[in-house]
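Comments concern the structure below.
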Amino acid sequence: MNWLQRHIRPEQVRELSLLLLIIVAVLVFGSLIPRYYTSLTFNRIASSVVIITVVAAGQTLVVLTRSIDLSVGSIVGCTAYFAGTQLAAHHGMPPAVAVLIAVALGAFMGSLNGVLVAWGRVPPIIVTLGTLAIYRGILIDYSGAKTVTTDSLPAWLVDLPTVDVATVGGLEIRVVVAAALLVVIVFQLATSFLTVSRRLYAIGSNPEAAALIGLPTQRILFTAFVLSGALSGLAGFLFLARFGNITVEAGRGLELQSVAAVVVGGVNIFGGSGTIFGSMLGAVMIGTLEQSLFRLQISEFWRDAILGLLILLAVASDAVILNRLRLLWARTDLKLIAKSAPLPAREGEVTAP
Amino acid sequence: MTGERRLKPLLMRVWEAEGVSLTEGGAEPRAQAAVPPILEIHDIAKRFGATQALEAVSLTLYPGEVHALLGENGAGKSTLIKIMTGVYQPDRGEIRLAGQPIVIGSAAEAQRHGIAAIYQEPLLFPDLNVAENIFISHQGRGAVTNWRQMFREAEEILAALGVALDVRSPARGLTLAAQQSVEIAKAISLNVRVLIMDEPTASLSAHEVTQLFKLVKDLRDKGVAILFVSHRMEEVFEIADKVTVFRDGRLISTRPRGEVTPRRAIADMVGREIGLLQPRAPVKQGDLILSVRGLAREGVFHDVSFDVRRGEVLGFAGLIGAGRTDVGLALFGIEPATSGTIVLDGKTRNIRSPREAMACGIAYLSEDRRQLGLSLPMSIAANISLPVLRRYLDRFGLVRTASERATAEGFRSRLAIRTPSVDVSVAKLSGGNQQKVMLSKWLNTHPRLLILDEPTRGIDVGAKSEVHAMIGELAAEGIGIIMISSELPEVLAMSDRVLVMREGRQMAIFDRAEASGERVMTAAMGQALTGEAA
Amino acid sequence: MTAALARLRSWEGLLLAILIVTVALNLANSPYYLGVENIVNLFQLEIEKIIVALTMTLIIINGEIDLSVASVMGLSACVMAWLFKMGVALPLALLAALGSGVLAGLFNGFWTAYVGLPSLAVTLAGLIGFRGVARILVEDRAIGNYPAWFNELGQQAFLGPLTLSIMIFLALFAVVAVVLHGSALGRLVYVMGNSLEAARYSGVRTKRVKMILFVASGVVAALAGLLYAARLGSVRGDMAQGFELDIITIVLLGGVSIFGGSGNLVGVGLSIFVILNLRNGMGLANITGNTQTSVVGALLILSVLVPNMAQLIHNRWRGRET
Amino acid sequence: MKKLLLTTAALAMLALLPQGAFAGDIMPGKDVKMVLLPKFLGILPFDQAHQGALEAEKELKNGSALQFLGPTPENSVAGQIEIVTNAATQGVGAIMISNNSGDQIVPSAKTAHDKGIKVVTWDSPIPSGEAEDLFVAQVDFAETGKVMADMALKILGDNGGKFAILSASPDAANQNSWIKAFHDVLKSDPKYAKLQEVDLVYGNDQSEASYNQAVALVDKHPDMQLIMAPTSVGIVAAAKAMQDEKLCDKVKVSGLGVPSEMVAYTMNGCAPDFALWSFVDLGYLAYYTAYGLATGAFEAKEGVSFKAGRLGDYKIAKDPTRSKGLRIVMGPFSIYDKSNVQAAAK
């Protein structure tokens, strides 16, 4: 136990427990649904959670700083639409540029949120509740009710969702899935090893202290929102590739879905703790539930009720688990020893490099 | 004069307890003249709206010198500190570092200049692990965190501090003392030339204080200039080379330690004479109120047994984290005991919630008045009426603010709460007055048993003695009092009996007569003394 | 300067200013604005949202949030419709519908207060789940043809030009005002919003208070759902879908802190009037839905941004860091 | 260019032309405030209807400009009610509603109607027929069912097969009534006996939901051969899904869709046949009708006929698909396939 405690932090245990929940869910559905354990099921779930995973990654960065970004859905819509119209206009446009356009636009919209939150000192929920409406409104005006249609898009984009990077024992790893995974891995590594990104946790954990010890709180907040916007932009591009047809509806509701993924993924909604990997698991959890419920032989009308209940149970069960662990940790941790060791004699021994 | 006579033996006792003899330490002032000053503060002024926080303050810090800064809350100490650490900008005056005028625009800049501060309330990040907290404000540790290295260095520093913490575990749930140690580790991990300590001992127990002082002296000998702010006379006079006193934003006096007595300093601080810490006159004790047998909370404390009589003050001594507060919380039903019996006025009670505790006439003043004891944004009146709000409702369930305010006014005059009105939000009050409001709040529940957890933490000398006097009166009125305190002198002076705890276990109970500094300390440190062990 | 700033800093003052401007604009650009009919419509069109906003105010000041209100509105309407379709007497159906609101509240309250899950997560699940239950009941039907008296409840003027909904709103506003600013419960709502722990250490039955609030929120949402059904005379599974964000917007614009502990009903009242007039004015000016929501969104941001900036500039000017 | 299937409705119309009371022609140049209200903004078909209405406005030289007002998708119902209510307050001459609110629109429509405002519905009527002067039906709803059944039969062949329906939201009045008609037709004639419906799901007119639903259908019913989607959003999403799943040769998609959005899938065989009517014409006709009623050129009475510009003559009849209410039927359907879709998409 002690070794465990030294090397696994409660948050990680929470993720393990979530992983366990997912496995349980899969087992349960597997027993209910014929032909469940197939590469097909894997592909379905994998490609259905791609977009939400990317959005949730951005959402996580924001939530870690004790903020929230409700405008992601509208940003996805705008970027998907804009990138779509651009690609429709210039078929020759290289993929990289297209992605860049979407990401850049997303980053720009995110930066507006960031400025208002960091320097305008407007609570995040107010800012993004506002931009949620504003961005969507702009999209409706800008689109002039025109729809981006699949046939107007270059073939490479339309086919993108079906392209595999690798096939592992029948499990096709689609490009988009790989992309999402890449995003998760990159940001997971960044948030756990980059000194800068550790400060996301710091300001989320104790904003006052962060300010007092002179962390660049405002810049960090701003960055978080820009990244969230940029990732929403990327998600917008993926959205365009997957659905081809982009109406003004595109991406509506993603804000709450991403928050759901983040919450289920064990990220503390009040900031400071949680991981990108966790919220990916959250997204996968919900995706698995949705996709599997689609296939169950139950009425359309029962799905939402069940989904809501399952999400709640997911949150509840792992909250309970985590609290138990926290107690355990708290008790065995942090014993002050009575005898005091002498200070090292050598100069500068304890001063940092 | 009489005060002087009473004071002397007390301080003696304390110092012995802390393993300090009167001759040793910085008693003979070390030659300072040769060394050039490291930090010179010249004619600093700062005004907030109507209040002049600092006026024409000049202060000079020398390397290898501990400079104590005394003053009641609101005297301008923390404003000066905030200016030195770049949180505030002065309206006037200049700061010279090693002779060069500097502008400290931000906390980060202050660090770059080698100026670090340890605040009264630790500024930790509960979700980051201990090591990260230590190195959080380090520039140039590289863009990529090398965890292994960071953990190792953190462990070294803490080892040097004589504190064993799991550097990998999050700071959430650390005891105040542990947090304080991390703060100190944080400060010394930076190459400090000037270290500001704003009441670093406020939440430390006597033992940890001695430990801290070893460290401070070590830093001093390494040539660090230390500005040491504290309300604890005996500490100041143990550690300081120079003593500066502030009052109302002005510098009253700066003297070498040899040339000033505690009494003199206090006189400067409050502008009037105050006797400090005379042992409380014991009141004749009445019948039994509370008797606790084998009380335990699984994994936190075990087998605690004691009695409290009417008019008795039972002191709880011990190191921070010894489980004293947890006993209090168990009695008050915040974290109910898992075994043992609580007998109140002859009836066995099973207390599961604060409400039940209150119903039994128990009141508990938290050690953390800002987070747990008071609702800061609310008015004084609202805070005082909160626990017994029902008493102030008319038949429609609406709050009768008039009678609420009347009650508040009563306590305001009785406890001399300094405030323009009882409608002021508690946040605006000084620590001492906040403490009084919290006391009023609980007296208003007419308790039979009053549990005081660190009743004088972080409040200035004037308020302190008032609180002590108050405790005396309450005991005299026949209330049974449990006083948890990490200030040994306080415990010794106030208590009729002293219960000592260590690592969740009850080590001993001393009667007033036999309770001496070193006996209590030894018990708190380990080996239970034969005889009085409960 | 400072006096003006002080007035600007007070949120209510700012809202009042905005309100006056809005009304002035409306008077200027539409001859129909002042008509009794329009004034009544101005309320009627958003009445259910502003009713729910009142209890949402309590919840948010208490430091929690209830995202499930819109789904509860839909749920209660659907319960009523379903029972009515099954031949249950309408009055009974209405009671049952209110009951469903109580249950929803108990559900949210239980998981939030007693299990200790974040209300955001719980009510998010409620948002999905309660809507789901509503769906199960009505499926793809649109259930109408209620007795005339029911529709009249939602549509006819009762007292002068006032409809039942408006009177309920006014009454509830008064009740909430008294509860929040005069009663013990209101006091506890603020205390808990400031610091839940401090409340606990003062012997406040925090769980009970939370439970009461969520149940109140549930019941009022259910009532609003029924009024909505009466106003539209027909019930569908998608009733009130997406209202939650509008409702929260009203409360936040009212100056209630999302972190709890501060805000008052005067502000919320003003923000209600601002939004109603804004929407109505733009409607009369034939400004379409998306522009309307954009404007409200922008207003929400500006109403916080402007005072902050003024404050900031003022501080720079005073040469004081905040 | 369009290959017009002569449909029963069309025939009926032609038959009716000679006899019946014929109202005076619609007089251009009158000044009538008119509001065109789509289900919500930002969707292509409604924009096309707007174009048509503007064309009619130009022809009729209406003094006051047409107001094209719509709610946002997320609060379509509340938005439509608000717009109708405000229109009533402003006392416009006529309001043309593509009703997305079922009977929930009735109270507000009634206020308007009681003030003498002409309430014309188009594309989607008020189910109860309350407070509505006239419904301009794009096609006969019964016929929609027939067309869908025929397309299904054409795709699945005479020995039939399994199909599923992907609809909009459970609350979409149009889709519900079309599906009902579809079911009726399937029962009515033995030649459809072999067409077996295996599922009915909803995509809430959102690309992502519809797409996921289509994919899920394939998993749920491996032997399904056709997805019938009577919604312009759903049909495109379903087609894209089948294309991505490389299932186009196994599972076909059909239903109601906009040519410009469907052309790719029709050409590559994912959606060999689908149908729709011209929304431009629908808007055009709705405008003529509303204008005519508002200017008193004719009344909304059974048997009354009038001439609607380039679309020719129409006769007001009882709406057989509703218990109450009058309608004119624009018709006819255009069935699209490889041969004509590209031209239509232009």
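When the chains are written out, they are named A, B, C and D in that same order, and each has its own residue count from 1.
Going forward, a residue touches a chain if its C-beta (ideal position, glycine included) is under 8 Å from a C-beta of that chain, and two chains touch if they have at least 3 such contacts.
Since we're looking at a predicted model, the values are computed, not measured.
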{"item": "Comparison of A-C and A-D (more C-beta pairs in contact)", "value": "A-C"}
{"item": "Most remote chain, CA-based centroid, reference being chain A", "value": "B"}
{"item": "Inter-centroid spacing, chain D versus chain B (mean Cα positions, whole Å)", "value": "77"}
{"item": "Inter-chain centre distance, chain A versus chain D - centres from mean C-alpha coordinates, in Å", "value": "40"}
{"item": "Centre distance in Å when chain A and chain C are each reduced to the mean of their C-alpha atoms", "value": "30"}
{"item": "Distance from the mean Cα position of chain C to that of chain B, given in whole angstrom", "value": "45"}
{"item": "Residue numbers of chain A (touch at least two other chains)", "value": "136-137, 140, 301"}
{"item": "Sequence positions of chain B contacting 2 or more other chains", "value": "87"}
{"item": "Multi-partner residues of chain C (at least 2 other chains)", "value": "135, 139, 237, 290, 293"}
{"item": "Touch relationships between chains, expressed as pairs", "value": "A-B, A-C, A-D, B-C, C-D"}
{"item": "Complex contact set, residues of chain B against chain C", "value": "48, 87-89, 91, 334, 353-355, 357-358, 364, 366, 371-378, 382, 386-387, 389-390, 393, 397-399, 441"}
{"item": "Chain A - residues contacting chain C, complex", "value": "70, 116, 120-123, 125-127, 129-134, 136-138, 140-141, 256, 259-260, 263-264, 269-270, 299, 301-309, 311-312, 315-316, 319-320, 323"}
{"item": "Chain D - residues contacting chain C, complex", "value": "40-42, 67, 69-72, 74-75, 77-79, 81-83, 85-86, 89-91, 101-104, 106-107, 127-128, 169-171, 173, 176, 202"}
{"item": "In the complex, chain D residues that touch chain A", "value": "41-44, 46-47, 50, 72-74, 170, 200-202, 205-208, 211-213, 215-216, 219-220, 222, 233, 236-237, 240, 243-246, 260-261, 263-265, 345"}
{"item": "Touching residues (chain side chain C, partner chain A) in the complex", "value": "67, 111, 115-118, 120-122, 124-133, 135-136, 139, 237, 245, 248-249, 252, 257-259, 290-291, 293-294, 296-298, 300-301, 304-305, 308-309, 312"}
